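Shared chain: chain A. Partners: chain B in the first complex, chain C in the second.
Up next is the complex of A and B:
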């Protein structure tokens, strides 16, 4: 199989399969998690929950007081690489083209030079965050093998995307194939790993805030 | 009469070409193939030589476009190349009117030039049903190829059909079309893909072989690196627009008129190894991208089975139409998981034994 045919398989059967698994996994896991339910709270609420759920989503989005100074890598690094991933995915021209193809929506893209800067910053930040995770005993203790695998799975699409756009190191055909296959791996593992936090993080925070308010601890 | 080698100047004058034009051509060809300037001198001597290597050209399962392309070669012209530099002993398309007599001539040429002739093949070989889909004078093309390859010095697979199956090998490949290099293993085979190949690529390789008696350096797919070493995008004049992120969105928008990159319109120049953007076509007048159409990727194996010509490389080959099915399948699995978990909870509730303070006191030994 030549590089061309390999790319063809990745753009065809590979991508179709990955998207199918992704869509199926998202619905499956969402339904499974949210239909587990909770024990009915029959106690009278201490107070009306109000906007505590929404407020908790917002409040936990911010770093706790003083923590940025105490652990800047975790907080600033976390903000930067998450934001970087969002910008690179949603505001680069080829991705918008893909989204328009998939769901018919599109919006203006950032200039390629801006995307380049964001990509490089994201890559560097991810490396810094990884080094910090390995160097700090507590973080190292809390990290399992799967966490490092997921770091690689998240890192590779960004790196391969940058190399592909700039035709660096390898022939374009191989780079594009590597970029697409790294994205396919990401799509496949996304619903079944910790990466699923991208979907569950907001409802979870809302639920915690809402429940705490019922118990008398509004925020 | 003194038997001496004809000098390049004399040879070119005999052919009605000025000395300057002739030497310019040789130097240009050497430059195109990234060879040192001394190769130009070697080319000129080889082209002037009285020795004319015999060539047998076989056309198999193809459209004839490769021959058409070679006819369009402007420097040297086909007739100049074939009748002054090479000795074309057999070509089905050119000799078709002679009927069965050509087959006798072919056998005679093979016998006289055993081990010396150059075999050029365009078209693929149908392997299904014992090759009945494509025959010449009642002989299947597989048998003809194997017979002719035995006595050949080398084989040139001309065009994508011969190199990788091309059009006839496109899905579902009803004839079992097969590439030449998959069938011939005991002879040097050089691949010159393209639908059709660029004329100067064909003539350049032939002249190189005439001069040095061997093929130029090849890549992993058996293609000469001098012509297939870079992608069409690498040397495309629209590449600066790609770097700037300026893409034509349709064939008649402002971007297209400004000559912006055709990536989003499906151009496959990024992944296509060919010399179109440097050697060009029709006497180096233009090439498809310059004419406003994206590259189709015709020199790559399987290019007809890689989805629409008009879908960008960053998109899936075909529209993803089963996403809704996948969502429904996910809903079904999720629903099943819900029912299963509900069952576990109900079993747990039924088997749950209430405990009271007395039980706890017993456990703690109080």
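Up next is the complex of A and C:
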């Protein structure tokens, strides 16, 4: 297989397969979780919970009183690298081009220089978050092998994307192939690992908010 | 696998529902729940991270309800949950968790961790891994009606003493009364002033109320230990008593866990709504205040602060009434740092105070409360939970602090504008 054929396979069958596993995995995992059911609370509510679950979805973006001082790296690092990943994925020109090719939708991109800055900040923040996880006894204790592997799986697409755009270290074709492979690995493991929190976090917050609202506690 | 362990695993499997599955999938191992848990903050030991306390439940969920977990189990790649592990986890699930719910308040992904600890306790209790102290308390409740073994006749003697000393009548088994009061054994044994205070307040408010000989005990150790059948049996006594006397409202006394067990867990345990209201005494006093039925005179002038019982505030939703009541009778009321729904537990909730094995750790955890108290330099500490009051008292004694403790109902009664048929006394 020539270099070009290899790249074509990665961009074609490889990507399609990864996207298929990603989509089927999400459907499977969602059903696995959300078909278990839950008992309804029949205690007389203090007040109708209404939109409280939705409020909690919003509120949990914010650090509770005093907590940010206790663990600034988790909060600030969390905000920065999540936002960075979203910006780099959705607002860089090559990604928008790919999405337009795949589904026909497109939107304005950020200037490449701005994407570069966001990428570098995201990479640095992810390294800080990793160092914090390794250095702090509490986080180290709670972390398993999977936490570190997933860090690598999340980090590599960002790093390889940057190297590809700037033609650094390796030939462009190889860099692009590596970038695509790293993204495909991310897509394949996403539904079956803690990366799936991107889906479950919303209902989790909603359940907590809704349950406690019935008792009259805004959480 | 022993029969009891097998049964425990089956019970846990049935209890794992969508919210629990969602919570486990959302956890990022960030450790923020630990920063909200006084057992971690005061010891620095990572094993007290709330999410870690759920490790057996998480593995059970993963191995039973996820494709990857089932495959790993099939190929022998995962470690099954064992009875030995339950025994090892006893200190984490019972000794170092007061079910205070602070972890559930801060988790950035919204995980309601305390609800999962309650679930795990169900399995551990069935498998026989609950602490002996909590087992003893639960047995006494079932056998005598009271966790401290206090019988109705013992309570009647207390009532007679109150009548002799104060002339106050405490109505017993009055059908059709508006309110039925349930009290905790701790109040009967250690704080009889509570009953006197309620009598005075009811007399001033001109409300009909009663105690019920079949259902005088408020606390529910079945909820603490985690056995739903027992919790249901205990709550059913109150339901039967209240429905027999046809009262409109059952008042849960100054005991936080008793309140949440009756108010929030009870209908779900008996699987039907009540035919009466349940209110904490603080809520009832606030209703009287709003209706102008609570008239006080004078103020406590010493600097005074309030310890929010977790089950009353964070888990029970009573956050403002206690503050409005305090402002009626205290001229220098100050809030502790992290008050209201963010308050720190006394360290003895969730059955921890019944558990002798947990005493040393509980006293270490009290360091947090000590810091809160020292921050406001209070001269009086008021609370609205008899168990908190006992645990706070022990903690202060151990830490050589001297801040007098008061129950909120008693404080209000001390400043009551007492009236008789002829006018003001």
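Assume the second predicted complex is superposed on the first by the 214 of 219 C-alpha atoms of A that agree within 3 Å, B and C clash if a C-alpha of one lies under 4 Å from a C-alpha of the other, contacts with A are read in each partner's own complex, and residues count from 1 in each chain.
Criterion: contacts are C-beta pairs under 8 Å (C-beta built on N, C-alpha and C of every residue); 3 or more make two chains touch, one makes a residue touch a chain.
The shown structure was predicted, so the numbers you read here are calculated from the model rather than taken from an experiment.
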{"item": "Between chain B and chain C, more extensive residue contact with chain A", "value": "C"}
{"item": "First, second, both or neither for A:172, with chain B first and chain C second", "value": "first"}
{"item": "Which superposed partner A:70 touches (first chain B, second chain C, both, neither)", "value": "second"}
{"item": "Chain B versus chain C as contact partner of A:28, first or second or both or neither", "value": "both"}
{"item": "Touching partner for A:36 - first (chain B), second (chain C), both, neither", "value": "both"}
{"item": "Partner chain in contact with A:93 - chain B first, chain C second, else both or neither", "value": "first"}
{"item": "Touched partner set for A:46, first chain B, second chain C, both or neither", "value": "second"}
{"item": "Residues on chain A lying within both footprints (that of chain B and that of chain C)", "value": "28-29, 32, 35-36"}
{"item": "Interfacial residue positions of chain B with respect to chain A in the complex", "value": "164, 221, 231, 233-234, 243-245, 247, 264, 270-271, 297, 300-303, 305-307, 312-320, 322-323, 325-327, 329-331, 333-335, 337-338, 341-342"}
{"item": "Contacting residues of chain A [partner chain B, same complex]", "value": "2-5, 7-8, 11-12, 15-16, 19-32, 35-36, 93-95, 97-98, 101-102, 109, 111-112, 167, 171-173, 176"}
{"item": "Chain C partner contacts - residues on chain A that touch it in the complex", "value": "28-29, 32-39, 41-44, 46, 56-57, 60, 64-67, 70-71, 74-75, 78, 136-144, 147, 192, 194, 196-197, 199-201, 203-209, 211-212, 215-219"}
{"item": "Chain A-touching residues of chain C, taken from the complex the two chains share", "value": "16-23, 25-32, 34-36, 40, 44, 46-47, 49, 51-52, 65-68, 104-112, 115, 263-268, 271-274, 277-278, 313-319, 338, 341-342"}
